[in-house]
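First the structure, in the form of structure tokens, and then the observations on it.
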Amino acid sequence: MLHTGRHFLQIPGPTNVPDRVLRAMDAPVIDHRSAEFAELGKEVLEGIRGVFKTAGAVVMYPASGTGAWEAALVNTLSPGDRVVLFETGHFSSLWRGVAEKFGIQVDYVPGNWRRGANAAELESRLAADRNHTIKAVLVVHNETSTGVTSRIPEVRRGIDAAHHPALLLVDTISSLASIDYRHDEWGVDVTIAGSQKGLMLPPGMSFNAISEKALRATESARLPRSYWDWQEMLKPNRSGFFPYTPPTNLLYGLREALKMMREEGLENIFRRHDRHAEATRAAVRAWGLGIVCEEPREYSSSLTAVFTPQGHDAD
Amino acid sequence: MLHTGRHFLQIPGPTNVPDRVLRAMDAPVIDHRSAEFAELGKEVLEGIRGVFKTAGAVVMYPASGTGAWEAALVNTLSPGDRVVLFETGHFSSLWRGVAEKFGIQVDYVPGNWRRGANAAELESRLAADRNHTIKAVLVVHNETSTGVTSRIPEVRRGIDAAHHPALLLVDTISSLASIDYRHDEWGVDVTIAGSQKGLMLPPGMSFNAISEKALRATESARLPRSYWDWQEMLKPNRSGFFPYTPPTNLLYGLREALKMMREEGLENIFRRHDRHAEATRAAVRAWGLGIVCEEPREYSSSLTAVFTPQGHDAD
Amino acid sequence: MLHTGRHFLQIPGPTNVPDRVLRAMDAPVIDHRSAEFAELGKEVLEGIRGVFKTAGAVVMYPASGTGAWEAALVNTLSPGDRVVLFETGHFSSLWRGVAEKFGIQVDYVPGNWRRGANAAELESRLAADRNHTIKAVLVVHNETSTGVTSRIPEVRRGIDAAHHPALLLVDTISSLASIDYRHDEWGVDVTIAGSQKGLMLPPGMSFNAISEKALRATESARLPRSYWDWQEMLKPNRSGFFPYTPPTNLLYGLREALKMMREEGLENIFRRHDRHAEATRAAVRAWGLGIVCEEPREYSSSLTAVFTPQGHDAD
Amino acid sequence: MLHTGRHFLQIPGPTNVPDRVLRAMDAPVIDHRSAEFAELGKEVLEGIRGVFKTAGAVVMYPASGTGAWEAALVNTLSPGDRVVLFETGHFSSLWRGVAEKFGIQVDYVPGNWRRGANAAELESRLAADRNHTIKAVLVVHNETSTGVTSRIPEVRRGIDAAHHPALLLVDTISSLASIDYRHDEWGVDVTIAGSQKGLMLPPGMSFNAISEKALRATESARLPRSYWDWQEMLKPNRSGFFPYTPPTNLLYGLREALKMMREEGLENIFRRHDRHAEATRAAVRAWGLGIVCEEPREYSSSLTAVFTPQGHDAD
């Protein structure tokens, strides 16, 4: 394949990795048991919390985002547990598949792929669950397949209004560090994220931000786990280390990406995405095409899905 | 930390990554659903088979080596299954921990950490297991903590002599591409490997080479699995793709590393390691220190463990 | 300065350096007196001749393009020598300045900056110079300030028609490897080029392609020279070496750039530039703006200069 | 050529370029007429003065060190001018060759290649030159071919004691940023340096630090010059720009190298070299070999030349 120019990724993700990040990763691997590594580990483990807006723990896996979905489940649930998952698009459907492979019973709330999670529907389902058999609510924050962003604060209010103890698990793979997101303030229990979108890294690392409540849930969660085990991660993390060989070069990249985010400011990054997304929608409208997302309050600022005219496909 | 020179890793692993590999990884991420990616995928999936010396399938995970241990187990075993694992050192003990977390019953054959797996002992254990309750034999090929290399062909002969159907699972994390290894010829069912040693890559990718017999075992294996599921991997792999976002830049690095291995020749690489290991042992002897490995036929060519004199530690 | 995206150079040069070239340069310096270096030296010295389309010698200087202008003069001329130079734009004027600093008498043929060198005018000037006091004809092939490409074959025919022995010196800094150019076939004596445009390298290296006739001219040329001395260069070049420390990393980059040019094919590269230039002119016309170059046969394929409307500047 | 490990340069120069510097250079070229470039230009032009320890101007050429020798001469001298140059080794002899090509009359003070410049001899030669026909004194500070470092402060005192107005030109190609050097304090008029040794950059850039007196000398210096013309350089340099396309990527590298030097501290860098040099000499003595430099006060801290035993060569 002959490239006479620069390769631009024009897909929903991974996104274009800045040269600064690629160059930071292009460095010799250091000893992952050394004092120098501990500094790196502590810096990125601390820095990433600011991106999730959490004072709690964030664990990092050498894994694709799919792994972080699995991690969120196996650390908090037991075989046969019941969860509510909103059909928001292709990725909600994939996550459902993961859950079912682990013997979790999924109440899959149907959706038309043009709206986000329905908080009112959630509230009534939870209110009806008097015995609290529902252990968790699963939401994809930003559906990569539809360009619809669910309103997590309303989801939280739905749970609270029903006075239900279910955990709230949110997938932010295509939103974190691109769209406003607040793990602590919004009362999320587990936030799932990946390296290859807003964090500006190549694929290969994924994340779980964990609330105190989620952490306590590990005590009774009986799904088998080893690689994804939060407790095994959190112990060495305290001193900047990892229980198994970490992806050192991705951590170099993460350090640089965190630096870039501090330089620009998270809020400015969000506004930049908002502005570009509005520009994109303006163009789509000018072309006379339809936007998939039918609720303006749920427009995604990181991607816009468009209906192609009859007789055409995306290519 | 002030580095006035080049950082050299003098640890058992990860090893120093060649500049050619780092530079190959330092490139824009491409679309993992594109024709160009398929070429890359097919090239590395095909090339890696030559390193394992297998005509069968090799799957690649965005994961640390620990993940590939887990993958080997969850794809082939069921809760409560019994396995034999040889105590060869620290890493055999960690692998045992992974197995037990999944409810696998481990017959841990004691060892003195100065010898490899005992094939005669294995044969008698398997011969005694008339009901074939033992489902797998687990061996660490090259114990990173001791510098002892188990003789896998003898282990194979031990299983065959007992006419036992147990699967043979071998960890080659610190031996593959450094020390002679032959997945097919030696009748191994699952070979576990990582990116960060003989394959000359940064950490972040790990491997399972899979025999036909191991693949059939997935049909009855009831341990839950999603991220590690071979069947999910093998389907898209056939056309060069992956079921979830692959670690594209590590694949760039793997392509370059495979090219370097072809240029030098695997057999020459093995001889180079043999030569350097013998030089290391000569130095250790000249210093009057003891070598941990007590069986010359089991000397590791990728690392040499040494007894430190009374009153000194490794630093 | 905050870069939230990729930096694109939208200036007449240097041009965007391909990642492959940057990465090739990002490598340890090797011993410039070693056998390995000799291979590199021979490869690039041989390869670059194909780009100039010459069977003769090409010398490379660690220097900006300005240095190669100076080199062309000091190797072939003596103080007080007379040359003809066509006013084609800003760069012809700068070259004139260099010549005059060395005491060369420049017949500067006036031009309107919208046309290339006038071959008929040249022929009549040379025909009038019966005593052959004019020692060289200097032409800028592609004027970076105007987007006009002089027709060198016609300039050559002008000299031949006048039966004049003057050397022909051509600056191809913004045309080589972008626009059709043939050092030997067009009878050019010295071609001047730089690294930072069609050769796709960072600035820092420049070139002289030298005809046999130009080489003979060094014997009588009395301008003082040391750094630029062709004879000093050509001796070690024969075995792949350089008289002083060469810019090794730029040579790595040149090796890669030559490889890329072979992969695409010089003629395809020219056609690609022709196509993009025609597209640019179509856009300029559609915007209702004027193109500086007034002779379609002299349109530059590497850059297009445009008249800005009254009350606007280029920014 | 098959490299199975890292390439280490074990030659007098270029030296090993730190990864940080290589990576900093591995970046897109920016517009050399932009505000962003001006910041870069000002930063490196300012920073480099600290390395030379001068409050005056330093000019940078896209050129090998040989070019900076030529620049020092053509900016300060006229054809037929007389200079004193000390025979200290191979490089003093090469510099002599450059000077003679420009018609400069060189009084080459013989030396045995085991001692530095003789200040007493200089004083008597200058004292004898009552008509001040000697225009400059040329000294190689650190002779790369011998490992002898001339004592520049004593050379300065020799000139002062003779009350002679000759300029002092010093080549620090293999000493700057490795060995203590003070352009202003030692009263040097032109200091010549290259990028590829103590400055930790690849070859391709060279320097002249210029005293006020040297700058005034340009007014009467009649050697022709264009590329090397200080006055042409200094004008745009004031605002961070260059008169012709600068070697942008080398400037990126220089910015990083200056940062590294600030982090370690120039004085610590000198002490590190002193320490390594003494360690080298201790090894040479232990091997029973002879050190070329016969005056301990003139031992070079950046390289040590050793006599090979009868029947052996350096390889």
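In this document, chain identifiers A, B, C and D correspond to the written order of the chains, with residue numbering beginning at 1 in each.
Just so we're on the same page, contacts are C-beta pairs under 8 Å (C-beta built on N, C-alpha and C of every residue); 3 or more make two chains touch, one makes a residue touch a chain.
Computed from a predicted structure; not experimentally measured.
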| item | value |
| --- | --- |
| Of B-D and A-B, pair with higher C-beta contact tally | A-B |
| Chain copies touching (chain A, chain C) - same or different residues, decided at half shared | same |
| Computed distance of Cα centres, chain B from chain A, in Å | 31 |
| Chain B and chain D, separation of their C-alpha mean positions in angstrom | 53 |
| Set of chain D residues in contact with two or more other chains | 6, 16, 19, 23, 26-28 |
| Touching residues (chain side chain C, partner chain B) in the complex | 19, 23-24, 26-28 |
| Of all residues in chain C, those that touch chain D in their complex | 1, 6-7, 9, 11, 13-17, 22-23, 25-33, 35-36, 39, 61-67, 70, 79, 97-98, 101-103, 194, 196, 202-205, 223-227, 229, 243-250 |
| Touching residues (chain side chain B, partner chain D) in the complex | 2, 4, 6, 16, 18-19, 26, 263-264, 272 |
